[in-house]
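By letter and in written order, the chains are A, B, C and D; residue numbering begins at 1 in each of them.
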Amino acid sequence: MTTPPWDQEFAGRLDKQVIRSAALTGNPLGDPAERPVWVYVPPGYDDEPDRRYPSVYVIQGYTGHLAMWANRTPFRQPYPVTADALFTRGEAPPCIVVYVDAWTAYGGSQFVDSPGTGRYHTYLCEDVVGYVDARYRTLPEARHRGIQGKSSGGFGAMITPMLRPDLFGGFATHAGDALYELCYVPGFGKAARALRDYDGSIELWWNDFRSRPAFTKPGDEDLLVTLGVAACFSAEPDGSPLLPFEPATGQLRDEVWQRWLLWDPVRMVDRYADALRGQHAIWIDAGKSDDYFLDLGAVAFNEALTRIGVTNSEFEIFDGTHAGLDYRYPLSLAYLAQRLAP
Amino acid sequence: MTTPPWDQEFAGRLDKQVIRSAALTGNPLGDPAERPVWVYVPPGYDDEPDRRYPSVYVIQGYTGHLAMWANRTPFRQPYPVTADALFTRGEAPPCIVVYVDAWTAYGGSQFVDSPGTGRYHTYLCEDVVGYVDARYRTLPEARHRGIQGKSSGGFGAMITPMLRPDLFGGFATHAGDALYELCYVPGFGKAARALRDYDGSIELWWNDFRSRPAFTKPGDEDLLVTLGVAACFSAEPDGSPLLPFEPATGQLRDEVWQRWLLWDPVRMVDRYADALRGQHAIWIDAGKSDDYFLDLGAVAFNEALTRIGVTNSEFEIFDGTHAGLDYRYPLSLAYLAQRLAP
Amino acid sequence: MTTPPWDQEFAGRLDKQVIRSAALTGNPLGDPAERPVWVYVPPGYDDEPDRRYPSVYVIQGYTGHLAMWANRTPFRQPYPVTADALFTRGEAPPCIVVYVDAWTAYGGSQFVDSPGTGRYHTYLCEDVVGYVDARYRTLPEARHRGIQGKSSGGFGAMITPMLRPDLFGGFATHAGDALYELCYVPGFGKAARALRDYDGSIELWWNDFRSRPAFTKPGDEDLLVTLGVAACFSAEPDGSPLLPFEPATGQLRDEVWQRWLLWDPVRMVDRYADALRGQHAIWIDAGKSDDYFLDLGAVAFNEALTRIGVTNSEFEIFDGTHAGLDYRYPLSLAYLAQRLAP
Amino acid sequence: MTTPPWDQEFAGRLDKQVIRSAALTGNPLGDPAERPVWVYVPPGYDDEPDRRYPSVYVIQGYTGHLAMWANRTPFRQPYPVTADALFTRGEAPPCIVVYVDAWTAYGGSQFVDSPGTGRYHTYLCEDVVGYVDARYRTLPEARHRGIQGKSSGGFGAMITPMLRPDLFGGFATHAGDALYELCYVPGFGKAARALRDYDGSIELWWNDFRSRPAFTKPGDEDLLVTLGVAACFSAEPDGSPLLPFEPATGQLRDEVWQRWLLWDPVRMVDRYADALRGQHAIWIDAGKSDDYFLDLGAVAFNEALTRIGVTNSEFEIFDGTHAGLDYRYPLSLAYLAQRLAP
């Protein structure tokens, strides 16, 4: 008999909690400073009250918010379920897994501190990590703490340990945003075309977008990402997002585009070489036909790592596109768990 | 301030229950006979203990199972939330809304009785309706009971009132399966191509499909639908599905194909003309660029209704594809609620 | 040094002539009865005045007319050039190659006799073959005469020897029209959608199409093929084409569709089994990703041949789509030349 | 009765000639220095032996060579025929129209002088213009000489008058290459992917490409354009093309990419402002859905012109893609003819 799809029991325990973030208080978009956070403890956690565990933080792709981890898709199980199964079957050393929310009104934060969206990097590194370490028996050293994600979450998983090697000692990126000339620029062309219906004004589009069912007009996706990432990477001091291209043409605005490139993981490698060389676990993968050329971004990031002397990364380009990648999470979680275990 | 996406409070009440189905007991695929059912009662239900309400049954598209109604998508709310909001804002007369599960190991049941999947039509009409009418203050006459769905759920919403006009007096179909030469036949070509890797054997594919992450090979979707619908429409008495085409070529097998066509809503209209003429509310819509030509299926079904004298259907072809249609549900729910109200 | 692309010298001789066709005189579309015909004689033809040669007739795909054989495409040579090279290099026994024009105002004739377009089958078999045999030193027996083509030309290459085994003893079909449920039906959906802008009237579309630059509106291609093939397969006695589907919906009109299926090569095999068993050379190929599923049509046609006892066909499904197939012509020409040689 | 498609009679006269180019002698790819050139004189030219005429030079898109102007496409006439018809019907003042060949072994020259392909700019401006002016009764002043083309030919039509305003006083660009971040960069990603099968070596691909039927592998088109344009814009002094991206990743090589950007018409406007302000006729158009975002390139070029004070350009973005644009040629020819006439 087939396991019914709605059946899910955890061998570990998933605590659904709410955290009040100091970093997000007064954020520019007026998004909540109280955020849900799910903390999973593996089977046996409560039976060994003195044992401490590595921790892995899980962050989401663009437009993701925490409740989506519970989403059901046909013939698959949600990641929290497959992660639990991994530990239950003993296929990875037990870990604490922390599901982090970094949603914003624009759909995402790129896990950076920005006047356009808020201090999500600080929120993640200080508020969330601090919360978890205070309440759960983590191994608090960086070499026992990892982070994973896909798409924008893969981006966050790459940059957060670069910025905070004192906190994170391993990461896994699945089709993470990288090599911006290929992953972003083609979308600028689509976005510029879509703006023709809005007199070239992304503000007019944004007002329209919020007034009707989302994603019912061509270009909605491209415009949302453009607006949101601009808010993260190229906001004015007052928070207003600067587009990296001319709205009428898609032509790159060099100075704004340079601000984006400063956040391209491929181009960050040299600046953060020490942090990267100090990682204990690096997993990089992407589908060969990724819709945003993130397979090439993965190759470029991995080559940059090789160039600075990182030799222990796990790298794979597999058959697939940008969709349906969630089955990769447990693979990299096992990898991280093994290398971050004491 | 923006409403955070994970926030959902109901003004009405959503009861998540489990029903033990007699009809599904011993079903051929070994799927559970215990099924979840969600029954929503509108605001005020508990305050007016003598009041009775129309009821609307909601069924899902192929590969849908009940828990997916809770799935979150960016910048939208799940249908149970938008349905609740509809009643809360007074935009529709209050209804009881019943969310029905008809999942099978193949991903769906088409809401028919079949030796290939089980007696899902009976389950829906007898077990679920019986359960609800026994426990909730419904108006039990057919003219106060409706059904709605999209895709395969739209199909179910069309055929169930045809088969049981004594139970259902109104329905709404969003991009419901219809006009099978256009919605199914092109997929047979894709399925036949995909079977090249499996020696033309859909059994070999099915075994492979269940052994790996689902939907990671080209053709998985086409083959799953083919197999599952064959189990519904053209199973042998022993339950084994007969494909409506030669696996090596995609050529139609006329006699099997005729069995499918007997279930084409467009071709059922004449046989069930009385039942259809007796409906109090009919809503038909689809996107102009539906991936399965279901816009043409909608036109064909509506024209067939006109031919038999149905004059009161609500019909719309809107800009859109087969995806992202869930925002249409509240529109047709309001329509049904108004016409099925006492 | 690279051979410049505009350079083409023949070792054989290409005679560009005009034939006055009795069969096409008074054709219903008012198309010319005087038709160009190109007759190629191989190197040495003039040096051996008593030698007789096999002949291969070459017909074109839909919308093809004779002058297109001279079209140049980058990095390739036109077929008359590559055919000449084949004989010049001695890679095939010498043949007379006859390039036949069967264009009509609708873009094609499907090489059948029809009240909608004219008597193109008779024109080909009587007028063209008669003309060539009278003026060139052919081996006039069927076993030395072949025919080849792609797409609609592949269809013509399949059916003409079925109808006239007394004339044709071999054929080659490249992605020839076959298995009509897959190659035609999906296009009916697109055609029906395109007709929405013309009140469902293909006559209105046809008038519009001729009044503006061709193929500048979505659906032009689908509508042209639909109209033209209907003129070939399902014209009224007065010549007006009957569409095989309802213009508003794409729903098949069974009786008209049956007339099309009578011309499906896959379904003609049994009726013309003797003619097919008598062929001395059969070549069947198509690209695995053919846009019209003609790879499946090729498999189905080949399987039907096997079923009636044809054992000597050459069959290949290669990597490719429906486009860019002209490089296959010399391959099948060599095959035909070898098997049709005395 | 319909005009048969193979019928073409000129009211003017098309002289097919061969020119021996000094500039192309000893070109690096070993391509012929003898080039075909077609010179069209309008109706009446021979009747008025003292009359002088404006001249319009016509150049082709990438992979075009001169003989392709004779290519036939269904339901359309070749441009030389429609151009002749334009003058015959009196819809434009009579012009001499010169069809120029600038093919190379890589498929094109971009109409520049380059150590990678040869001195095609000089060839066009000196050899071809000199040849025509010496043998035909042109009005030799720049204000009576124009140039037109599409795609790479549109690029050539933009840059040639910038470089040689003493020779060209008007131009028309149809979907001309411009705004290189959008028209080229996405192709680099595809090219890099395709190079995976060639160890990242475009030389290995080039050898393979020439050894088999062209354009039968995915990525052939992208790689050919990449190689050829690199030969035009970023060749080493010894002629070897430098790719503007890392072959393994598609990452831009900044210094090479800058060499390409120097040839971006959008970025050339300021440097050649005087030349552009001096033009008597400028026509810019592109299809709204151009496959290479050349609609945005057209907008950007036109905006740049406006910025420098050009006020008389004719600009249109029409429904369409990058394909099937040849029907636009007569429109811009009429425009040029009117403005370049004495």
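Methods note: contacts are C-beta pairs under 8 Å (C-beta built on N, C-alpha and C of every residue); 3 or more make two chains touch, one makes a residue touch a chain.
All values derive from a computational prediction rather than experimental measurement.
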{"item": "Mutual neighbours - chains that touch chain B and chain C alike", "value": "none"}
{"item": "Where chain C and chain D are represented by their mean Cα positions, the distance between them in whole Å", "value": "35"}
{"item": "Separation of mean Cα positions, chain D and chain B [Å, integer]", "value": "55"}
{"item": "Chain centre separation in whole Å, for chain D relative to chain A (CA means)", "value": "45"}
{"item": "Contacts with 2+ other chains: residues of chain A", "value": "none"}
{"item": "Interchain contacts, given as pairs of chains that touch", "value": "A-B, A-D, B-C, C-D"}
{"item": "Touching residues (chain side chain A, partner chain D) in the complex", "value": "179, 181-182, 185-186, 188-189, 192-193, 246, 248-252, 266, 288, 293, 295-297, 299-300, 303"}
{"item": "Touch list for chain C against partner chain D, complex", "value": "1-2, 4-6, 29-32, 36, 63-68, 70-76, 101, 103, 105, 107, 209, 213-216, 319-320, 324, 327"}
